[in-house]
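For clarity, chains are labelled A, B, C and D in written order, and residue numbers in each chain start from 1.
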Amino acid sequence: MTPSSTQRVSIVGGSGYVGGELLRYLIPHPSVEVVQVTSESNAGKPVRTLHPQLRGWSDLRFSAMAELEPCDLLILALPHGEAASRIDAFSALAPRIIDCSADFRLGDASVYESTYGAPHAAPDWLARFQYGLPEAHRGALTEAAHVSGVGCNATASNLALLPLARAGVLDPAMPAIVDLKVGSSEAGRRATAGSHHPERSGVARSFAPTGHRHVAEVRQVTGIRNVDLSVTSVEMVRGVLATAHVWLKEPLTDRALWSIYRESYGSDPFVRIVHDRGGAYRHPEPRLVAGTNHGDVGWELAADGRRLVALAAIDNLGKGAAGTAVQCLNLMAGFDEAAGLRSISLHPA
Amino acid sequence: MTPSSTQRVSIVGGSGYVGGELLRYLIPHPSVEVVQVTSESNAGKPVRTLHPQLRGWSDLRFSAMAELEPCDLLILALPHGEAASRIDAFSALAPRIIDCSADFRLGDASVYESTYGAPHAAPDWLARFQYGLPEAHRGALTEAAHVSGVGCNATASNLALLPLARAGVLDPAMPAIVDLKVGSSEAGRRATAGSHHPERSGVARSFAPTGHRHVAEVRQVTGIRNVDLSVTSVEMVRGVLATAHVWLKEPLTDRALWSIYRESYGSDPFVRIVHDRGGAYRHPEPRLVAGTNHGDVGWELAADGRRLVALAAIDNLGKGAAGTAVQCLNLMAGFDEAAGLRSISLHPA
Amino acid sequence: MTPSSTQRVSIVGGSGYVGGELLRYLIPHPSVEVVQVTSESNAGKPVRTLHPQLRGWSDLRFSAMAELEPCDLLILALPHGEAASRIDAFSALAPRIIDCSADFRLGDASVYESTYGAPHAAPDWLARFQYGLPEAHRGALTEAAHVSGVGCNATASNLALLPLARAGVLDPAMPAIVDLKVGSSEAGRRATAGSHHPERSGVARSFAPTGHRHVAEVRQVTGIRNVDLSVTSVEMVRGVLATAHVWLKEPLTDRALWSIYRESYGSDPFVRIVHDRGGAYRHPEPRLVAGTNHGDVGWELAADGRRLVALAAIDNLGKGAAGTAVQCLNLMAGFDEAAGLRSISLHPA
Amino acid sequence: MTPSSTQRVSIVGGSGYVGGELLRYLIPHPSVEVVQVTSESNAGKPVRTLHPQLRGWSDLRFSAMAELEPCDLLILALPHGEAASRIDAFSALAPRIIDCSADFRLGDASVYESTYGAPHAAPDWLARFQYGLPEAHRGALTEAAHVSGVGCNATASNLALLPLARAGVLDPAMPAIVDLKVGSSEAGRRATAGSHHPERSGVARSFAPTGHRHVAEVRQVTGIRNVDLSVTSVEMVRGVLATAHVWLKEPLTDRALWSIYRESYGSDPFVRIVHDRGGAYRHPEPRLVAGTNHGDVGWELAADGRRLVALAAIDNLGKGAAGTAVQCLNLMAGFDEAAGLRSISLHPA
């Protein structure tokens, strides 16, 4: 599309962690002006009250949703279910919408219903939303007006599996089990008994040993039918490590896997292939992508050449949510895909 | 007093972290039978529902307070204020009471009021309670029927300062500032916005830079008037490190300080003097007392022989609460003072 | 065997973390006297220099190996390879030996060689050592004079898988992938670039995505041929969580799995079945076994009744090393199997 | 000075954490070209080998010091002592030098000797170096050719105390005790027994209870004579929290302190005054400056109006080392003072 001039962007539901991360990326974004940020329960308060990292960076205050004005692009960061139930109203406010919730991620209303346990509130809109994973749908995103954000666990899984699925090398008779290690910010800002620091600190907790619901997004994006996700909460705040246990239909060499991953990510602005011969950082590591939009992918091939562990590390709030949303915004608006998103992670951290 | 036979003990308000720690010490205690544990909101549930460490160790279920039966000794682990308002009823149930709250720690009702911001609900009872720090009041505790538990930050401070106060070596013209580093379990079990793992993780947070209210207990125990406590929350679950900045009225040698500390703690069953010449563990360290009733004390003397940093490390739930309460129980009942309390901490941990 | 009187025990190679944990269990053990503890580089120093948790608990000093005297039972906690190369000398010193290293874990010298990359130094001794997992070999251990300790990752895996293997319910055509989350103490006491706190802190690091060598112990104990272990290092010091992805040959109910696990562990003194309907602690959790000899096992069955995730949590230094060694000592000596090993974990911690 | 064109910068001793952080700031810096980075033991290796955060960001390889070529500005990040012993050689290579070590921080050679325990190797150079704290010496830095970096603990202390010292409100008869809570990256990259993750994890360790040597920098910058620093290591990788216990010569109001702090920092590009009425983030917090060049300062005044706790939080690798060095570079070169240094911290993190 034709490059846009500065986009006037408002964030609906900006009090959560994804909202904060969107602001962290968008406030210094060279081609974006953040116009409004809503939070019903915090309307009138400075955004830095809830997002203390913005102290000195923004004088914005939260608005109520009822005060929303028309703008170029709306980003919805509402609890699951709320975007779908108000999508007509939101679409009247802006020609472009990015929804960070799960509401418009699945193209099939029946899959949505079996995954989320309730009928979809606006099934007609499903076909109008493009799933927003640039690594899978870059072309379509440059043309899209309505884009769905991505699930964090789905994204780590998809980045690890997509090259293998595209190359057609997975054994269809075997399962694909993605064992995910995740940080505490995945559960959002609301304090619960389980998120209380003395209870959550230092755990290796089986959160969803089988059937994490992001599996539907992985099936949709990769086409792998017999995939399952297994989620364990570990001691970190940000980060997802996906350890995908898969089997190849024929033995491959390490060199062949390099080709397969390069084919998908060789020129990607954010996905790095991490597959060194040695060193503590020879595999993808969530700490090294924390605070960035990077997705690091790698693998280890067993001696038999058929058992393969595909690895991916992302920041659940970055590449797994807000970073990818901003990357989609850039594609939708015709900006440099990486505008506002370039940053080097901290090490040590 | 004459050694008692087994004590039948009930815990009132046993759903919190102090309640859980009392159970951890008392269930295997050789001379205690835990009869009832109350929790209004959890009555009927197994105690392991809230205290998962007790799985396989106890089939006890929570009772409602109204179901309390007479017993030998009641331990109150209620929110501050509740023990005082019901003390007559509790005293009708048991000849001996240990109250872990702040209600009966201060002997002077006016100091209580200025510290806790409300008049005391049962001022007549104040004189009937003995402050329960064995290192300061061992003799009185063997005769006491009503004993108050201790504040965790007060206890770390008192263990560090008591030998100096007793020896009369502190300069009365100078302040005594106890800079405390504390873990998240100090704030109890209730989840709050500030205790949410993503918010509390990895902090060094100035919780009470001046005037933490445990200072009243330190004044009462040590007699040091111009003492103040300053509390910083750091990344740990259990533990208090007290760094007490004090000044001596005359220069002392390191050897003299050894004598002063040995005088107070040379034969104490739980206080260890930690003052090595080198090594990572040359000073007291909260991790090395976690899960135990140990209080480790040490010091570093500045080159001028007058500026002194006195150090103490405790487990806030152990020596700072439940451990000391059980130690008091042992003294009150005529048991071996260390009964049920001997354990070696984990290292590494 | 006939119950022994007090055993005089010496520890060879006692400066490491397993050595420290052995001392933590054996110093207060009611029927054990620790006679000597060796460390070549620390001979003459108090054991508390390296094991600061023992301050106030033991005045033992390290001896050199050359100073070892005959005793009732030797526990070897040497680096892998050293026990095998000196086994004749050690056997001359004591009629009973427990070796905590990997040297005598595998009954087949060729499996040892393919696993550890070198021929075994004393293959004739392999048949004389009994693998020391009480849950698998309790009977044999009561008769054994020479017992091998267990691998920590193997033990977590074996506890999760053993009931399923015994029941014969696993689909032999499908893989068994044990995805292990492990703490930093697994790598022992030696500081390395990768264990440096700023580098190791907060990681989710793919340590051995495929083929961790403990797999040989799992094959030997469970008989499952197509099992593989995948190890990820996470932010904890102690602890292993095994997430075993397996498939049943026929669909089973949750009730059937209860029976299968109860059959193996219903009367076990240390293995707890953790499989609640809800709550943060519904599955096994390494923090809740830290510092204990407990092994907690559980599972989650997928909706199809065939995909199963079997779970186990242990303390790598406890049930995964020193705890199990002491349990074997108890069985070998005819003591109460749980002597010296009973303790409730900390919560919160 | 006249604004420079792009500066060609080389880093001497670039394998450590300060070296890595300099690269993180300088590689994307709009007016800097990093020409060479030296490391004797890593010469020839890609810088990302040691600084994995730079993967995909830089193809630089380490050079040996002997290969250094002339450039516009040298930044020295060598172990303490090495800059002074080679300063003549370095000055022949570049007209401008920034030294991050302690070698040129103290203007007085006798103070250097008493602080660091050895005579200074190049005392004539001391007067030629400007101490590089922009908040104290901004004007001089714009004219300086040779600038010394700052100590991290000194910087946190100086930022907290400087406004009070300048305003002349401190009671000269009273001490000023800065109790510092610091992260593990302060000790640099070299793995030691004490930095081993199982030993360092979760500690609150009295590293230097009295007399930390950065005190000399605090005396020099603030002019406060009876100041002392006390350092405790806590569980974080990056970060310093300074809790400065001071006394005012006359009681002040909170409003007066606002004026005093605004006077020093009202227009500073990186120092933020953090002094809210409530909320978890009402005081400075190291996590909220991690990865940035921000220094956050605040205070709490006791009820008597005289006891004051002044607070400051910095990232030891950022504002406490590399960030401030780059800020000095910007001032020396006539660039925008904040060039390459603007970034919003992560929250949660």
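Going forward, a contact is a pair of C-beta atoms (placed from the backbone, for glycine too) under 8 Å apart; a residue touches a chain by one contact, two chains touch by 3 or more.
Everything quoted here is computed from the prediction, not taken from an experiment.
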Contact-richer chain pair (by C-beta pairs counted) among B-D and B-C: B-D
Most distant chain from subunit D, judged by the mean position of its C-alpha atoms: C
Rounded Å distance between subunit B and subunit C, as computed from the means of their C-alpha atoms: 36
Computed distance of Cα centres, subunit B from subunit A, in Å: 46
Whole-Å gap separating subunit B and subunit D, where each centre is the average of the chain's CA atoms: 39
Per-residue overlap in subunit C, given as positions that touch at least 2 other chains: 17, 184-185, 193, 198, 201-202, 237, 285, 348-349
Complex interface listing, subunit D residues touching subunit A: 17, 20, 24, 27-28, 49, 51-57, 184-185, 237-238, 272, 274, 279, 281, 285, 288, 290-291, 294, 296, 342-349
For the subunit B and subunit D complex, residues of the former touching the latter: 174-175, 177, 179, 181, 193-194, 198-199, 201-206, 209-211, 228, 230, 232, 234-236, 239, 241, 243, 245, 247, 280, 283-287, 298-303, 307, 309, 311, 313, 348-349
Touch list for subunit C against partner subunit D, complex: 17, 183-185, 189-193, 195-198, 200-202, 237
